[in-house]
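Note that the chains take the letters A, B, C and D in the order they are written out, and that residue 1 is the start of every chain.
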Amino acid sequence: MENIGKKDWAISSSRIPFHSNGEEPEFVSHDKVAILNTNNQDAEIEIFVFYEDESPVSFKEIKVEPQRLKKIRFNDLIDPTAMKLERNYSCFIQSNINVVIQFSRLNTGIAENAEMSTMAFPVDT
Amino acid sequence: MENIGKKDWAISSSRIPFHSNGEEPEFVSHDKVAILNTNNQDAEIEIFVFYEDESPVSFKEIKVEPQRLKKIRFNDLIDPTAMKLERNYSCFIQSNINVVIQFSRLNTGIAENAEMSTMAFPVDT
Amino acid sequence: MENIGKKDWAISSSRIPFHSNGEEPEFVSHDKVAILNTNNQDAEIEIFVFYEDESPVSFKEIKVEPQRLKKIRFNDLIDPTAMKLERNYSCFIQSNINVVIQFSRLNTGIAENAEMSTMAFPVDT
Amino acid sequence: MENIGKKDWAISSSRIPFHSNGEEPEFVSHDKVAILNTNNQDAEIEIFVFYEDESPVSFKEIKVEPQRLKKIRFNDLIDPTAMKLERNYSCFIQSNINVVIQFSRLNTGIAENAEMSTMAFPVDT
(Lines give C-alpha, C1' and ligand atoms only; values in the text may rest on other atoms or scores of the structure.)
Protein backbone atom coordinates (compact mmCIF):
# COMPACT_ATOMS: atom_id res chain seq x y z
CA MET A 1 0.00 0.00 0.00
CA GLU A 2 3.06 2.19 -0.53
CA ASN A 3 3.64 4.57 -3.39
CA ILE A 4 0.01 5.52 -4.07
CA GLY A 5 -0.65 8.60 -6.19
CA LYS A 6 1.64 11.04 -7.96
CA LYS A 7 4.39 13.47 -6.97
CA ASP A 8 3.06 16.50 -8.84
CA TRP A 9 -0.45 17.97 -8.74
CA ALA A 10 -2.02 21.16 -10.05
CA ILE A 11 -5.19 23.20 -9.47
CA SER A 12 -5.81 26.19 -11.71
CA SER A 13 -8.94 27.81 -10.26
CA SER A 14 -8.76 28.96 -6.65
CA ARG A 15 -9.91 31.97 -4.68
CA ILE A 16 -10.16 32.55 -0.94
CA PRO A 17 -13.50 34.27 -0.32
CA PHE A 18 -13.46 37.38 1.85
CA HIS A 19 -16.93 37.31 3.36
CA SER A 20 -17.81 34.73 6.00
CA ASN A 21 -21.04 34.16 7.87
CA GLY A 22 -20.24 31.23 10.15
CA GLU A 23 -18.50 30.59 13.44
CA GLU A 24 -14.72 30.43 13.77
CA PRO A 25 -12.94 28.36 12.64
CA GLU A 26 -15.12 25.69 11.08
CA PHE A 27 -17.39 27.92 9.03
CA VAL A 28 -14.92 30.56 7.94
CA SER A 29 -14.66 30.58 4.15
CA HIS A 30 -11.54 28.78 3.03
CA ASP A 31 -9.71 26.87 0.33
CA LYS A 32 -8.05 23.64 1.44
CA VAL A 33 -5.93 20.87 0.04
CA ALA A 34 -6.07 17.40 1.56
CA ILE A 35 -2.85 15.42 1.11
CA LEU A 36 -2.82 11.66 1.73
CA ASN A 37 0.57 10.04 2.35
CA THR A 38 0.27 6.23 2.41
CA ASN A 39 4.04 5.71 2.54
CA ASN A 40 6.18 4.71 5.53
CA GLN A 41 8.21 7.93 5.39
CA ASP A 42 7.45 11.67 5.61
CA ALA A 43 6.28 13.39 2.43
CA GLU A 44 8.05 16.72 1.90
CA ILE A 45 5.77 19.16 0.12
CA GLU A 46 6.33 22.46 -1.66
CA ILE A 47 3.37 24.60 -2.80
CA PHE A 48 3.84 27.08 -5.66
CA VAL A 49 1.09 29.71 -5.86
CA PHE A 50 0.53 31.53 -9.19
CA TYR A 51 -1.39 34.79 -9.60
CA GLU A 52 -2.92 36.74 -12.48
CA ASP A 53 -0.66 39.76 -12.18
CA GLU A 54 2.32 38.92 -9.97
CA SER A 55 5.24 36.48 -9.81
CA PRO A 56 4.64 33.07 -8.24
CA VAL A 57 5.36 32.47 -4.54
CA SER A 58 6.65 29.24 -3.01
CA PHE A 59 5.70 27.83 0.40
CA LYS A 60 8.24 25.26 1.63
CA GLU A 61 8.96 22.82 4.43
CA ILE A 62 5.49 21.33 4.63
CA LYS A 63 5.56 17.73 5.90
CA VAL A 64 2.96 14.99 5.90
CA GLU A 65 3.69 12.19 8.36
CA PRO A 66 3.81 8.53 7.25
CA GLN A 67 0.37 6.93 6.75
CA ARG A 68 -1.43 10.14 7.62
CA LEU A 69 -3.73 12.72 6.02
CA LYS A 70 -2.87 16.41 6.26
CA LYS A 71 -5.30 19.23 5.49
CA ILE A 72 -3.73 22.57 4.61
CA ARG A 73 -5.82 25.74 4.66
CA PHE A 74 -4.48 28.31 2.19
CA ASN A 75 -5.50 31.05 4.64
CA ASP A 76 -2.80 29.68 6.94
CA LEU A 77 0.06 29.98 4.45
CA ILE A 78 1.87 33.08 5.71
CA ASP A 79 5.61 32.47 5.15
CA PRO A 80 7.24 34.08 3.13
CA THR A 81 4.04 36.11 2.61
CA ALA A 82 0.34 35.76 3.46
CA MET A 83 -2.16 34.67 0.81
CA LYS A 84 -4.46 37.56 -0.06
CA LEU A 85 -8.25 37.21 0.14
CA GLU A 86 -10.56 37.70 -2.85
CA ARG A 87 -7.78 37.07 -5.30
CA ASN A 88 -7.66 34.38 -7.97
CA TYR A 89 -4.75 31.97 -7.81
CA SER A 90 -3.57 28.61 -9.12
CA CYS A 91 -1.27 26.20 -7.38
CA PHE A 92 1.23 23.55 -8.32
CA ILE A 93 2.07 21.11 -5.53
CA GLN A 94 5.23 19.04 -5.58
CA SER A 95 6.03 16.12 -3.26
CA ASN A 96 9.24 14.07 -2.97
CA ILE A 97 7.16 10.84 -2.89
CA ASN A 98 3.76 9.81 -4.29
CA VAL A 99 0.70 11.32 -2.56
CA VAL A 100 -3.00 11.86 -3.39
CA ILE A 101 -4.27 15.46 -3.42
CA GLN A 102 -7.82 16.75 -3.37
CA PHE A 103 -8.92 20.37 -3.32
CA SER A 104 -12.02 21.76 -1.59
CA ARG A 105 -13.62 25.13 -0.92
CA LEU A 106 -16.17 26.26 1.62
CA ASN A 107 -17.74 29.61 0.76
CA THR A 108 -19.83 30.84 3.70
CA GLY A 109 -20.10 34.40 2.41
CA ILE A 110 -23.09 33.59 0.24
CA ALA A 111 -26.39 32.36 1.60
CA GLU A 112 -25.94 28.70 0.77
CA ASN A 113 -22.49 28.00 2.27
CA ALA A 114 -21.39 26.42 -1.00
CA GLU A 115 -19.13 23.41 -0.60
CA MET A 116 -17.11 22.26 -3.60
CA SER A 117 -14.48 19.58 -4.00
CA THR A 118 -12.49 18.14 -6.88
CA MET A 119 -9.45 15.93 -7.31
CA ALA A 120 -6.38 17.93 -8.31
CA PHE A 121 -4.86 17.26 -11.75
CA PRO A 122 -2.22 14.51 -11.47
CA VAL A 123 0.71 15.76 -13.55
CA ASP A 124 2.62 13.07 -15.45
CA THR A 125 6.35 13.45 -14.91
CA MET B 1 -18.15 -5.10 -21.04
CA GLU B 2 -15.95 -6.89 -18.48
CA ASN B 3 -12.92 -5.45 -16.77
CA ILE B 4 -14.04 -1.80 -16.72
CA GLY B 5 -12.18 0.56 -14.38
CA LYS B 6 -9.24 0.10 -12.04
CA LYS B 7 -8.45 -2.03 -8.98
CA ASP B 8 -7.16 0.78 -6.77
CA TRP B 9 -8.82 4.11 -5.98
CA ALA B 10 -8.11 6.91 -3.52
CA ILE B 11 -9.94 9.89 -2.02
CA SER B 12 -8.00 12.25 0.22
CA SER B 13 -10.60 14.69 1.51
CA SER B 14 -13.47 13.20 3.51
CA ARG B 15 -15.39 14.09 6.63
CA ILE B 16 -18.67 12.74 8.00
CA PRO B 17 -20.68 15.77 9.19
CA PHE B 18 -22.19 15.58 12.67
CA HIS B 19 -25.21 17.82 12.30
CA SER B 20 -28.22 16.67 10.31
CA ASN B 21 -31.51 18.41 9.60
CA GLY B 22 -33.41 15.90 7.48
CA GLU B 23 -35.44 12.75 7.95
CA GLU B 24 -33.87 9.34 8.58
CA PRO B 25 -32.23 7.77 6.67
CA GLU B 26 -32.29 9.64 3.39
CA PHE B 27 -31.38 13.08 4.62
CA VAL B 28 -28.91 12.19 7.33
CA SER B 29 -25.53 13.70 6.50
CA HIS B 30 -23.22 11.08 5.07
CA ASP B 31 -20.21 10.25 2.94
CA LYS B 32 -20.70 7.47 0.43
CA VAL B 33 -18.76 5.56 -2.17
CA ALA B 34 -20.54 4.04 -5.15
CA ILE B 35 -18.78 0.97 -6.55
CA LEU B 36 -19.72 -0.34 -10.00
CA ASN B 37 -18.76 -3.95 -10.77
CA THR B 38 -19.40 -4.75 -14.46
CA ASN B 39 -17.70 -8.16 -14.25
CA ASN B 40 -19.33 -11.60 -14.10
CA GLN B 41 -17.82 -12.38 -10.69
CA ASP B 42 -17.96 -10.84 -7.21
CA ALA B 43 -15.61 -7.92 -6.53
CA GLU B 44 -13.90 -8.28 -3.15
CA ILE B 45 -13.20 -4.88 -1.64
CA GLU B 46 -11.02 -3.63 1.21
CA ILE B 47 -11.26 -0.04 2.43
CA PHE B 48 -8.29 1.55 4.22
CA VAL B 49 -9.18 4.68 6.18
CA PHE B 50 -6.40 7.16 7.05
CA TYR B 51 -6.61 9.86 9.73
CA GLU B 52 -4.68 13.01 10.64
CA ASP B 53 -3.48 11.76 14.01
CA GLU B 54 -3.98 8.00 14.26
CA SER B 55 -2.96 4.78 12.50
CA PRO B 56 -5.00 3.66 9.50
CA VAL B 57 -7.87 1.19 9.92
CA SER B 58 -8.91 -1.45 7.41
CA PHE B 59 -12.48 -2.58 6.67
CA LYS B 60 -12.58 -6.00 4.98
CA GLU B 61 -14.91 -8.53 3.44
CA ILE B 62 -16.98 -6.09 1.42
CA LYS B 63 -18.44 -7.71 -1.70
CA VAL B 64 -20.05 -6.24 -4.79
CA GLU B 65 -22.13 -8.75 -6.77
CA PRO B 66 -21.55 -9.33 -10.50
CA GLN B 67 -23.01 -6.63 -12.76
CA ARG B 68 -24.28 -4.62 -9.83
CA LEU B 69 -23.75 -1.24 -8.15
CA LYS B 70 -23.10 -1.09 -4.41
CA LYS B 71 -23.32 2.11 -2.34
CA ILE B 72 -21.41 2.08 0.92
CA ARG B 73 -22.12 4.69 3.59
CA PHE B 74 -19.04 5.37 5.70
CA ASN B 75 -21.34 5.88 8.71
CA ASP B 76 -22.12 2.16 8.44
CA LEU B 77 -18.51 0.94 8.66
CA ILE B 78 -18.36 -0.32 12.26
CA ASP B 79 -16.10 -3.41 12.20
CA PRO B 80 -13.36 -3.44 13.56
CA THR B 81 -14.26 0.07 14.80
CA ALA B 82 -16.88 2.73 14.00
CA MET B 83 -15.96 5.76 11.89
CA LYS B 84 -16.01 8.90 14.03
CA LEU B 85 -18.11 11.92 13.05
CA GLU B 86 -16.64 15.37 12.39
CA ARG B 87 -13.21 13.96 11.75
CA ASN B 88 -11.18 14.34 8.58
CA TYR B 89 -10.14 11.14 6.83
CA SER B 90 -8.81 9.82 3.53
CA CYS B 91 -9.45 6.42 2.05
CA PHE B 92 -7.71 4.00 -0.24
CA ILE B 93 -9.97 1.37 -1.76
CA GLN B 94 -8.59 -1.85 -3.17
CA SER B 95 -10.51 -4.37 -5.29
CA ASN B 96 -9.42 -7.79 -6.59
CA ILE B 97 -10.88 -6.94 -10.03
CA ASN B 98 -11.49 -3.70 -11.97
CA VAL B 99 -14.32 -1.49 -10.68
CA VAL B 100 -15.40 2.18 -11.03
CA ILE B 101 -15.58 4.25 -7.83
CA GLN B 102 -17.23 7.61 -7.23
CA PHE B 103 -17.43 9.50 -3.97
CA SER B 104 -20.28 11.72 -2.81
CA ARG B 105 -21.26 13.68 0.28
CA LEU B 106 -24.61 14.97 1.51
CA ASN B 107 -24.26 17.60 4.24
CA THR B 108 -27.69 18.35 5.72
CA GLY B 109 -26.31 20.12 8.78
CA ILE B 110 -26.02 23.43 6.97
CA ALA B 111 -28.95 25.29 5.51
CA GLU B 112 -28.44 24.28 1.91
CA ASN B 113 -28.10 20.48 2.20
CA ALA B 114 -24.93 20.62 0.13
CA GLU B 115 -24.49 17.73 -2.27
CA MET B 116 -21.04 17.07 -3.69
CA SER B 117 -19.68 14.30 -5.88
CA THR B 118 -16.37 13.54 -7.59
CA MET B 119 -14.76 10.54 -9.25
CA ALA B 120 -12.14 8.93 -6.99
CA PHE B 121 -8.50 9.02 -8.16
CA PRO B 122 -7.73 5.92 -10.25
CA VAL B 123 -4.36 4.70 -8.99
CA ASP B 124 -2.08 3.21 -11.64
CA THR B 125 -0.59 -0.05 -10.43
CA MET C 1 -9.65 18.43 -34.08
CA GLU C 2 -10.93 14.92 -34.78
CA ASN C 3 -10.73 11.95 -32.45
CA ILE C 4 -10.93 13.86 -29.14
CA GLY C 5 -11.76 11.88 -26.02
CA LYS C 6 -12.37 8.19 -25.39
CA LYS C 7 -14.84 5.56 -26.57
CA ASP C 8 -15.80 4.21 -23.14
CA TRP C 9 -16.92 6.18 -20.09
CA ALA C 10 -18.37 5.21 -16.71
CA ILE C 11 -20.22 6.89 -13.85
CA SER C 12 -20.92 4.87 -10.72
CA SER C 13 -23.06 7.15 -8.57
CA SER C 14 -26.36 8.30 -10.05
CA ARG C 15 -29.90 8.74 -8.80
CA ILE C 16 -32.87 10.53 -10.37
CA PRO C 17 -34.54 12.52 -7.56
CA PHE C 18 -38.32 12.16 -7.21
CA HIS C 19 -39.24 15.51 -5.69
CA SER C 20 -39.13 18.67 -7.78
CA ASN C 21 -39.94 22.25 -6.87
CA GLY C 22 -39.33 24.15 -10.09
CA GLU C 23 -41.12 24.83 -13.36
CA GLU C 24 -41.32 22.29 -16.20
CA PRO C 25 -39.04 21.35 -17.85
CA GLU C 26 -35.99 23.35 -16.87
CA PHE C 27 -36.20 22.96 -13.12
CA VAL C 28 -37.42 19.39 -12.91
CA SER C 29 -34.85 17.31 -11.03
CA HIS C 30 -32.78 15.28 -13.45
CA ASP C 31 -29.55 13.46 -14.20
CA LYS C 32 -27.95 14.27 -17.54
CA VAL C 33 -24.96 13.28 -19.62
CA ALA C 34 -23.45 15.73 -22.08
CA ILE C 35 -21.72 14.04 -25.03
CA LEU C 36 -19.37 16.05 -27.26
CA ASN C 37 -18.63 14.61 -30.70
CA THR C 38 -15.86 16.59 -32.44
CA ASN C 39 -15.60 14.12 -35.34
CA ASN C 40 -16.90 14.49 -38.89
CA GLN C 41 -19.20 11.47 -38.57
CA ASP C 42 -22.08 10.43 -36.31
CA ALA C 43 -21.18 8.93 -32.95
CA GLU C 44 -23.29 5.84 -32.19
CA ILE C 45 -23.86 5.52 -28.47
CA GLU C 46 -25.08 2.69 -26.23
CA ILE C 47 -25.85 3.32 -22.54
CA PHE C 48 -25.75 0.40 -20.08
CA VAL C 49 -27.52 1.12 -16.78
CA PHE C 50 -26.61 -0.96 -13.70
CA TYR C 51 -28.71 -1.26 -10.54
CA GLU C 52 -28.17 -2.46 -6.98
CA ASP C 53 -30.62 -5.35 -7.16
CA GLU C 54 -31.50 -6.05 -10.79
CA SER C 55 -29.85 -6.99 -14.09
CA PRO C 56 -28.41 -4.20 -16.23
CA VAL C 57 -30.48 -2.61 -19.01
CA SER C 58 -29.14 -1.31 -22.32
CA PHE C 59 -30.40 1.73 -24.21
CA LYS C 60 -29.38 1.66 -27.89
CA GLU C 61 -29.50 3.67 -31.10
CA ILE C 62 -28.51 6.99 -29.59
CA LYS C 63 -26.72 9.21 -32.13
CA VAL C 64 -24.69 12.36 -31.75
CA GLU C 65 -24.30 14.35 -34.97
CA PRO C 66 -20.86 15.38 -36.29
CA GLN C 67 -19.32 18.39 -34.48
CA ARG C 68 -22.26 18.67 -32.13
CA LEU C 69 -23.05 18.38 -28.41
CA LYS C 70 -25.94 16.18 -27.28
CA LYS C 71 -27.47 16.29 -23.80
CA ILE C 72 -29.34 13.18 -22.71
CA ARG C 73 -31.68 13.30 -19.72
CA PHE C 74 -31.90 9.90 -18.03
CA ASN C 75 -35.58 10.63 -17.25
CA ASP C 76 -36.15 10.43 -21.02
CA LEU C 77 -34.69 6.93 -21.49
CA ILE C 78 -37.85 4.82 -21.83
CA ASP C 79 -37.04 2.09 -24.37
CA PRO C 80 -36.87 -0.87 -23.60
CA THR C 81 -37.98 0.28 -20.12
CA ALA C 82 -38.28 3.61 -18.24
CA MET C 83 -35.68 4.60 -15.67
CA LYS C 84 -37.18 4.50 -12.18
CA LEU C 85 -37.03 7.54 -9.90
CA GLU C 86 -35.35 7.52 -6.48
CA ARG C 87 -33.25 4.53 -7.37
CA ASN C 88 -29.46 4.34 -7.36
CA TYR C 89 -27.82 3.40 -10.64
CA SER C 90 -24.47 3.42 -12.43
CA CYS C 91 -23.89 3.70 -16.12
CA PHE C 92 -21.33 2.60 -18.65
CA ILE C 93 -21.44 4.49 -21.94
CA GLN C 94 -19.90 3.09 -25.11
CA SER C 95 -19.32 5.00 -28.35
CA ASN C 96 -18.04 3.74 -31.71
CA ILE C 97 -15.71 6.76 -31.96
CA ASN C 98 -13.98 9.04 -29.43
CA VAL C 99 -16.22 11.45 -27.52
CA VAL C 100 -16.04 13.52 -24.29
CA ILE C 101 -18.65 12.79 -21.60
CA GLN C 102 -19.61 14.83 -18.55
CA PHE C 103 -22.30 14.02 -16.02
CA SER C 104 -24.46 16.53 -14.15
CA ARG C 105 -27.38 16.50 -11.73
CA LEU C 106 -29.95 19.12 -10.79
CA ASN C 107 -31.82 18.31 -7.59
CA THR C 108 -34.72 20.74 -7.14
CA GLY C 109 -36.47 18.65 -4.48
CA ILE C 110 -34.38 20.10 -1.69
CA ALA C 111 -34.36 23.76 -0.76
CA GLU C 112 -31.11 24.68 -2.45
CA ASN C 113 -31.62 23.27 -5.97
CA ALA C 114 -28.26 21.52 -5.75
CA GLU C 115 -26.32 21.47 -8.99
CA MET C 116 -23.45 19.01 -9.36
CA SER C 117 -21.22 18.11 -12.27
CA THR C 118 -18.21 15.86 -12.81
CA MET C 119 -16.31 14.43 -15.76
CA ALA C 120 -17.14 10.75 -16.30
CA PHE C 121 -14.33 8.23 -15.82
CA PRO C 122 -12.52 7.67 -19.15
CA VAL C 123 -12.06 3.90 -19.38
CA ASP C 124 -8.82 2.75 -21.00
CA THR C 125 -9.50 0.03 -23.56
CA MET D 1 8.49 23.53 -13.05
CA GLU D 2 8.08 24.00 -16.81
CA ASN D 3 5.82 21.98 -19.05
CA ILE D 4 3.10 21.16 -16.50
CA GLY D 5 -0.24 19.91 -17.83
CA LYS D 6 -1.50 19.13 -21.33
CA LYS D 7 -2.00 21.04 -24.57
CA ASP D 8 -5.60 19.93 -25.23
CA TRP D 9 -8.55 20.03 -22.85
CA ALA D 10 -12.29 19.47 -23.26
CA ILE D 11 -15.48 20.20 -21.31
CA SER D 12 -18.74 18.82 -22.64
CA SER D 13 -21.40 20.27 -20.35
CA SER D 14 -21.64 24.04 -20.19
CA ARG D 15 -24.40 26.61 -20.12
CA ILE D 16 -24.35 30.31 -19.30
CA PRO D 17 -27.37 31.01 -17.07
CA PHE D 18 -29.58 33.95 -18.00
CA HIS D 19 -30.99 34.93 -14.64
CA SER D 20 -28.77 36.66 -12.10
CA ASN D 21 -29.53 37.94 -8.61
CA GLY D 22 -26.24 39.40 -7.43
CA GLU D 23 -24.24 42.57 -7.90
CA GLU D 24 -22.17 43.29 -11.01
CA PRO D 25 -19.72 41.87 -11.87
CA GLU D 26 -18.83 39.41 -9.14
CA PHE D 27 -22.20 37.76 -8.67
CA VAL D 28 -23.41 37.74 -12.25
CA SER D 29 -23.99 34.15 -13.35
CA HIS D 30 -21.11 32.94 -15.47
CA ASP D 31 -19.06 30.06 -16.80
CA LYS D 32 -15.31 30.43 -16.53
CA VAL D 33 -12.15 28.58 -17.42
CA ALA D 34 -8.99 29.08 -15.37
CA ILE D 35 -5.79 28.50 -17.36
CA LEU D 36 -2.47 28.06 -15.52
CA ASN D 37 0.68 28.59 -17.57
CA THR D 38 3.79 27.58 -15.57
CA ASN D 39 6.12 27.99 -18.54
CA ASN D 40 8.57 30.82 -19.25
CA GLN D 41 6.82 31.79 -22.50
CA ASP D 42 3.33 32.93 -23.49
CA ALA D 43 0.70 30.23 -23.99
CA GLU D 44 -1.35 30.83 -27.15
CA ILE D 45 -4.86 29.54 -26.69
CA GLU D 46 -7.72 28.80 -29.08
CA ILE D 47 -11.20 27.94 -27.77
CA PHE D 48 -13.60 25.94 -29.97
CA VAL D 49 -17.23 26.15 -28.83
CA PHE D 50 -19.66 23.41 -29.93
CA TYR D 51 -23.47 23.66 -29.87
CA GLU D 52 -26.41 21.26 -30.09
CA ASP D 53 -27.77 22.62 -33.35
CA GLU D 54 -25.19 24.84 -35.03
CA SER D 55 -21.63 24.70 -36.39
CA PRO D 56 -18.76 25.20 -33.95
CA VAL D 57 -17.21 28.65 -33.46
CA SER D 58 -13.56 29.38 -32.75
CA PHE D 59 -12.21 32.14 -30.49
CA LYS D 60 -8.54 32.91 -31.24
CA GLU D 61 -5.62 35.02 -30.10
CA ILE D 62 -6.04 34.40 -26.38
CA LYS D 63 -2.72 34.64 -24.54
CA VAL D 64 -1.68 33.60 -21.06
CA GLU D 65 1.52 35.27 -19.86
CA PRO D 66 4.48 33.24 -18.54
CA GLN D 67 4.04 31.93 -14.97
CA ARG D 68 0.59 33.43 -14.68
CA LEU D 69 -3.04 32.34 -14.24
CA LYS D 70 -5.70 33.67 -16.61
CA LYS D 71 -9.45 33.42 -15.96
CA ILE D 72 -11.66 33.67 -19.02
CA ARG D 73 -15.38 34.34 -18.65
CA PHE D 74 -17.34 32.81 -21.53
CA ASN D 75 -19.75 35.78 -21.33
CA ASP D 76 -16.82 37.93 -22.50
CA LEU D 77 -16.09 35.95 -25.69
CA ILE D 78 -17.59 38.20 -28.35
CA ASP D 79 -15.33 37.93 -31.39
CA PRO D 80 -16.24 36.64 -34.04
CA THR D 81 -19.65 36.30 -32.32
CA ALA D 82 -21.04 36.62 -28.76
CA MET D 83 -21.84 33.48 -26.74
CA LYS D 84 -25.59 33.17 -26.27
CA LEU D 85 -27.13 32.83 -22.80
CA GLU D 86 -29.25 29.85 -21.74
CA ARG D 87 -27.77 27.66 -24.41
CA ASN D 88 -25.93 24.40 -23.91
CA TYR D 89 -22.41 24.23 -25.28
CA SER D 90 -19.21 22.20 -25.07
CA CYS D 91 -15.70 23.47 -25.55
CA PHE D 92 -12.38 22.16 -26.73
CA ILE D 93 -9.39 24.25 -25.71
CA GLN D 94 -6.08 24.00 -27.50
CA SER D 95 -2.78 25.49 -26.33
CA ASN D 96 0.61 25.59 -28.09
CA ILE D 97 2.33 24.55 -24.83
CA ASN D 98 1.28 22.55 -21.75
CA VAL D 99 -1.21 24.27 -19.40
CA VAL D 100 -3.67 23.21 -16.65
CA ILE D 101 -7.36 24.00 -17.20
CA GLN D 102 -10.21 23.98 -14.71
CA PHE D 103 -13.82 24.90 -15.38
CA SER D 104 -16.23 26.55 -12.95
CA ARG D 105 -19.75 27.92 -12.93
CA LEU D 106 -21.54 30.37 -10.67
CA ASN D 107 -25.32 30.28 -11.06
CA THR D 108 -26.88 33.18 -9.14
CA GLY D 109 -30.26 32.87 -10.84
CA ILE D 110 -31.46 30.23 -8.42
CA ALA D 111 -31.81 30.80 -4.71
CA GLU D 112 -28.63 29.07 -3.61
CA ASN D 113 -26.04 30.72 -5.91
CA ALA D 114 -24.75 27.31 -6.90
CA GLU D 115 -21.00 27.14 -7.36
CA MET D 116 -19.54 24.20 -9.27
CA SER D 117 -16.04 23.38 -10.41
CA THR D 118 -14.34 20.46 -12.13
CA MET D 119 -11.02 19.80 -13.86
CA ALA D 120 -11.40 19.75 -17.64
CA PHE D 121 -10.70 16.45 -19.45
CA PRO D 122 -7.02 16.26 -20.39
CA VAL D 123 -6.99 14.97 -23.96
CA ASP D 124 -4.11 12.65 -24.84
CA THR D 125 -2.52 13.67 -28.10
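Just so it is clear, a contact is a pair of C-beta atoms (placed from the backbone, for glycine too) under 8 Å apart; a residue touches a chain by one contact, two chains touch by 3 or more.
These numbers come from a predicted model, not from an experiment.
Student: Compared with chain C, which chain's mean CA position is the farthest off?
Tutor: A
Student: Does the chain B and chain C pair touch with the same residues on each side or with different residues, judged by whether over half of the numbers are shared?
Tutor: Under half of the interface numbering overlaps between copies: different.
Student: After a C-alpha superposition of chain C on chain D, what does the rotation angle come to, in degrees rounded to the nearest 5?
Tutor: 90
Student: Could you please state the distance in Å, as a whole number, between where the Cα atoms of chain A are centred and where those of chain B are centred?
Tutor: 22
Student: Can you list every residue of chain B that touches 2 or more other chains, as numbers and ranges?
Tutor: Within chain B, the residues that touch at least two other chains are 111-112, 114, 116, 118-119.
Student: Counting only chain pairs that touch, give me the topology of the graph as line, ring, star, complete or other.
Tutor: ring
Student: Hey, which chains are touching each other here?
Tutor: A-B, A-D, B-C, C-D
Student: What residues of chain C sit close enough to touch chain B in their complex?
Tutor: 8, 10-13, 48, 50-53, 55-56, 88-90, 92, 94, 105, 107, 110-112, 114, 116, 118-121, 123
Student: Give the list of chain B residues in touch with chain C in this complex.
Tutor: 1, 4-5, 27, 32, 34-36, 38, 67-71, 99-104, 111-119, 122
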